[in-house]
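Below is one structure, written out as structure tokens; the observations come after it.
Chain lettering (A, B, C, D and E) follows the sequence in which the chains are written, and residue indices restart at 1 in each chain.
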Amino acid sequence: MFETLINILSALVSNMHYLTAMLLFLIGFHTMLTHSNLIKKIIGMNIMETSVFLFFISIGYVHNASAPILDDRVAAYVNPLPSALILTGIVVAVSLTAFSLAMVVMLYKHYGTICSDQIMRLREEEQ
Amino acid sequence: MLTALNVMMLVFLVVCAVVVARSNDLLSAVIMFAAYSLVMAIVWQQLEAPDLALTEAAMGAGVTTILLLVVISKTRRTEE
Amino acid sequence: MHDLVLQTVAKLIIPFIQLFGFYIIFFGHLSPGGGFAGGTIVASSFILYALAYDVQAGFKRMPRLASKWLESMGALLFVLVGFAGVAMGGSYLANHTGLLDLGEAGTLISGGFIPLLTLAVGVKVASTIISLLYHLLEEKTNV
Amino acid sequence: MNGEFYNYLPLWATLLPVLATIPLFFIERRSPMFRDFFAIAVSGLTFLTVAIMYPYIAAHGTIGVSYPQVFPPFGISFQVDLLGYLLALIASAVWFLATLYSRVYMQHEGGGNRFYPFLLLSLGGCIGVFTASDFFSLFVFFELMSLSAYVLVVHEETEAAMAAGYKYLILTLIGGLALFFGIVIAYELAGNVDIRPGHFLFTEHTRLAFVAFLSFLVGFGMKMGIFPMHVWLPDAHPVAPSPASALLSGIMLKTGAYGLLRVVFNIYGADFIQEAGWHIILLVLATITIFLGSAVAIAQPDIKRRLAYSSIGQMGYILLGIGLLTVTGLQGGIFHIFSHAVMKSTLFFAAGAIIYKTGKRRVAEMKGIGYQLPVTLACFSIASFAMIGIPPLNGFISKLLLSMGSLDAGMPFFVVLLIVSSLMNGIYYLPIVINAYFGAKPDEEKMGGWRRLFTELKPSMLIPICLLALACLIFGLFPGNFPLKWAEIIATMLIGGG
Amino acid sequence: MTHLPIIVVALYLATAFALPLLGRVKKLHTGYFSLCIATAGLVMSLLTLFYVAREGTFSYFPGDWPPPVGIELSVDWVTVLMHLTINLIGLLVLFYCIEDLSSEVRPGHETWYYTLFFLLMASLNALAMAFDMFTVFVFTEICTLAACALVAIKPKALCVEAAFKYLILSTLGSGMLLLGTSLVYMVTGHLNMGLIGQLLPQAIDLYPLNILIALGLFIIGLGIKSALFPLHTWLPDAHSSAPTPSSALLSGLVVKLFIIVVGRIIFQVFGSELFLMIPIPEVILLFATFGIFAGSLMAIAQTDIKRMLAYSSVAQVCYIYMGMALVSQTGIQGGLLHVFNHAVMKSLLFLAAGAFIYKTGIRKIEDLVGIGYRMPLTMAAFSVGALSMVGIPGFSGFISKLTLAFGALEAESPFFVVVIIISSLLNAVYYLPIVLRGFFGRPATEFQWDKLPLLIIAPVLALAVINIFFGIFPGSLQELARLAAETWLP
């Protein structure tokens, strides 16, 4: 009984990054789709993206290896490829955020609200 | 020891994310998001990705937060 | 807003932030960091200035036009440097063709034109973030 | 581009009217008169091009060229054998007469700038259908013809015309798509869709072959106006201007019949159909179509609508000829394609002349019209008698052959059907003729005498009617009836020679 | 010569960044400058075509780093076909931009429009040849950003809202793409498509779930971006409210490139055998079938012409998906042909509809009565596009439908031929009434010719001519599509 609990726990710990990433992905996904507030949507989007980055980085992680910086003393490096990908991903995420925030400001100027439901209602009234 | 730290940080991340999703005050959501990004940067540092940690700290915690704050100051603070 | 302490501290700290930013940019091929992170740090110094004083003062330090120029030039530099590889007979962005001294691994002058590229990226990122912030901070956003 | 000159004749006969629309487009902005003459000249030239093919066809059997680089993987190819030639000949002739007829008629209708280019375009498509050497080319020209004909149908742009046109368009598209389905299946199974004697695309009785047969039937039957697919026909034909109605009923329906002939005898082969028993489908449909067309025609008060329903009945005869799968029956069917083209064109031209002169469309109003338009009505009567099947006119021959064919096939039932339907033809055609001559006494003083009436119909309208009526006579029980002989040759070739 | 494809990308990127600077130079019309660059791009992609035809396909490694580490760009027949499509349509749309933009964007923002245009073109060109997930991801994001910006650039709240919706859903798609990439990377340790493809057959035995989830994420993620049927909700808003040239680009090109990426993932990473083993082709076929009907039915219900065209895109995209999911060479060939043909048709239709709006301001379909008498050339071009959509022989849309039908028969599922046929009929139901209203149904008054600027009418007519040309002489295009299909399914 106790042993199985230990097993489960150690399995959880050894996969903790993956699990957290998945959990965060779901939270972000949920925030993005269900919240009607546009800024909340954007934050959700960021959470979702960082969770994927976390996932990717934890894949690249090699136990007991060091960062991919050339050093004579180090035997193993973690995989540098995901880093390059994620670096781009972060930048892209920031630019997406900036762009969508600019749009939020524009929408607020026009509709006076940042709630997508209300915007939809106002738009229908306009038409 | 380090594992415990990692676990704590990951739990913190999840809690942060949940708080961000639940809070009605956008400003506090943004602040929590900044904390989330910063902890995320530390986690990445723990995963031997210092490049990314650095970038995330600057970009995610810095730039994104500032942008969000500016936008909130221009629009409204609470979720209706 | 115009807090004397804040302004004084900002004035003191800004050169160091910028120095650190450029360090991150130039040592991008040797240590963690690079154009993205470094550019952001450099940009944050300007943002700090703009926040500590006010946006108009920030404009004076980094005029609109200048940031626009830097934005374009940074990106152009990156794209054009890539052609150097083609010109030397390698592929696009090829770095082994001996255009710039590859130097000894681990020293500052190594990595061919990679420092040049990180510089381009840094300039681009810094100027983009600055102009983005200015755009959002500006009172009249045209819709 | 080497090769003998005559091989290119089918190509030119098809392309000439199509290409002529481009100069026509510029000419019609300058002068309406020049436009009319240009259109007449082009259709006349097309007729001549088709006509001079005959010696080469007699000598070589088939002539044609192919262009595989257009529309790969099928390619566009032209090939004329006697069947295609017979139909192309009658089509181009009637078209020429219709263009001639339109000159005066369309002045009255207006909108010639749009009418003529599409008249020529549909001529090109129609000739293309008869000269195509594979089903894909046939399909392409079929669509060209059908879509150009839409413009002719809605020419008057009245509410009724638009509604009828829309129905026509949608059903034509359905037909075209069904055809497309059939062709795709045929190509996938056989690797080509060529029309060659003795070259059958389907050799096994699979479900796919049956689906293809049905889609061909729907595709061509839609155009032909066979029973369940006829719904567009009685609406579309009457609303079109009369020359266009004549072409729609007289010629364009025949493209469907032609296609079905090719499907039954060139894609599947008579033996195959016989074994599969699919000809029963054709026969059942033919029976329904004949009855339906003739019966509903009786109830129509509008003359053009009556003619349109009559066309449905007549197409049933042709379908019967195809479905019987006997040489004599097929000969009757093929000859009926020819004779119905002549008869129905005459009738529509004459009806158009009546509408043009008097504005009357309802049969009941046409009392005493024979005194007003004696020559036109004489032609109308000849064609009506031919329709009913009175000897020695051409309609009689086709009915006779069809009856003999059904006896050959061991189905005497169809003889009864033919007789009954002839009777029904009589019921709806004869009242028009009788009314016209005996329905009312002419008010001679008011009319101002016979001669004045006679001169009122311009010769360019009268000549086509007379010529076609004369054709009803000549190609009846007279010596030298070449279409009849050809029909026999063709029927033997299609059934016997494989 | 092997540098040409990447030079196109670099050139476009450089132009995009240089344009804000050049916009300040007096006496330099950024529009005409952009035209020169886009022409150069088209010439280069033609040269690439000839080079590949002579020397065969090749891979390009920027920075001379070979695969496990470096980036790979594959210049195969798919790439060549897509480059031609992108640069041809892009150039023609650019022609249209020069006159039209002043009526669509804020004055002074034209230069920004060209910048975004080139950013989009660069990313599309790069996506067409990207052969590793890294490049795919990067350029997908650039593409999404540029595409959203091209929608939002019109100063109307409606556009901004549509762009926001587009952006949020696209980001969702990118997130899934990245997650899928990470799952594949987890099992194979590679990002290069070729290397992943080699390792997958072994990996699938060990981690079947990972790979299945990854494939599902790829298809859903890219399906959102390419508007595969149930995931299309953003498309009608974004495509109908955007400025006309953007609508043409988005409907004509952007959506297609994501399908190409899906195709590469399916056929070059997973391989057709693996793909057939799992029930995903059936699912895609199901979605595609529903999408074809639903898109057409929704289009029938629309009253706004651009919205109708947008819904039609939903249906047409499903054709391409259907062609790929049939997993027969002819089907893929048909799908790729339809990529080109639909790009031509839909940009033709959007540009023609935009020309109506430009001249008359009419957007409602029922108000377009008699437009054929006012703008005969534009309406004729629109009719060409409409007839092509319906699938009348002689127009290029017919050729792709024909090839797709053969593909369906080759895959032994004649049911999909029926689907194509019924959907053609549905297309007729919503396209033909516009043509009929334009030309018929009202007394034939004399022409009252509203002359359009040459730069607006020229690309519309050019697209119509291209449509008819490839409708009558599709040989070369079919050959190209066949070679491309062979790359995917030998």
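We take it that a contact is a pair of C-beta atoms (placed from the backbone, for glycine too) under 8 Å apart; a residue touches a chain by one contact, two chains touch by 3 or more.
Keep in mind it's a predicted model, so treat the numbers as computed, not measured.
Trainee: Under the document's definition of touching, what chains do subunit B and subunit C have as common neighbours?
Mentor: A
Trainee: Per the definition at the top, count C-beta pairs in contact and tell me whether A-C or D-E has more.
Mentor: Greater number of contacting C-beta pairs: D-E.
Trainee: What is the identifier of the chain with the smallest separation between its Cα mean and the overall Cα mean?
Mentor: Per-chain C-alpha centroids ranked by distance to the global centroid put E first.
Trainee: Compute the distance, rounded to whole Å, between the mean C-alpha positions of subunit B and subunit D.
Mentor: Roughly 79 Å separates the two chain centres.
Trainee: Report the inter-chain centroid distance for subunit A and subunit E in whole angstrom, where each centroid is the mean of the CA atoms.
Mentor: 29
Trainee: For subunit B and subunit E, let me know how many angstrom lie between their CA-based centres, rounded off.
Mentor: The answer is 37 Å.
Trainee: Mind pulling the subunit E residues that touch 2 or more other chains?
Mentor: Only 157 qualify.
Trainee: Out of subunit C, which residues touch more than one other chain, so two or more?
Mentor: Where subunit C meets two or more other chains at a single residue, that happens at 32, 34, 36, 132, 136, 141, 143.
Trainee: Strictly by the criterion at the top, what is the full list of touching chain pairs?
Mentor: Going through each pair of chains, those in contact are A-B, A-C, A-E, B-C, C-E, D-E.
Trainee: Which of the residues in subunit E end up touching subunit C in this complex?
Mentor: 3, 6-7, 10, 13-14, 16-18, 20-21, 60-64, 106, 155, 157
Trainee: Any idea which subunit E residues touch subunit A in the complex?
Mentor: Residues of subunit E touching subunit A: 69, 133-134, 137-138, 141-142, 144-145, 148-149, 152, 157-158, 160-161, 163-164, 167-168, 171-172, 174-175, 178-179, 181-182, 185-186, 189, 191.
Trainee: Which residues, counting only subunit D, touch subunit E once they are in their complex?
Mentor: Contacts found on subunit D: 69-73, 110-111, 114, 139-140, 143-144, 147, 151, 154, 157, 162, 165-166, 169-170, 173-174, 176-178, 180-181, 184-185, 187-188, 208, 211.
Trainee: Given the complex with subunit C, which residues does subunit B contribute to the contact?
Mentor: Counting only subunit B, the residues touching subunit C are 50-51, 53-55, 58-59, 62-63, 66-67, 70-71, 74.
Trainee: Mind pulling up the subunit C residues that touch subunit E in the complex?
Mentor: 68-69, 71-73, 75-76, 79-80, 82-83, 85-86, 90-96, 142-143
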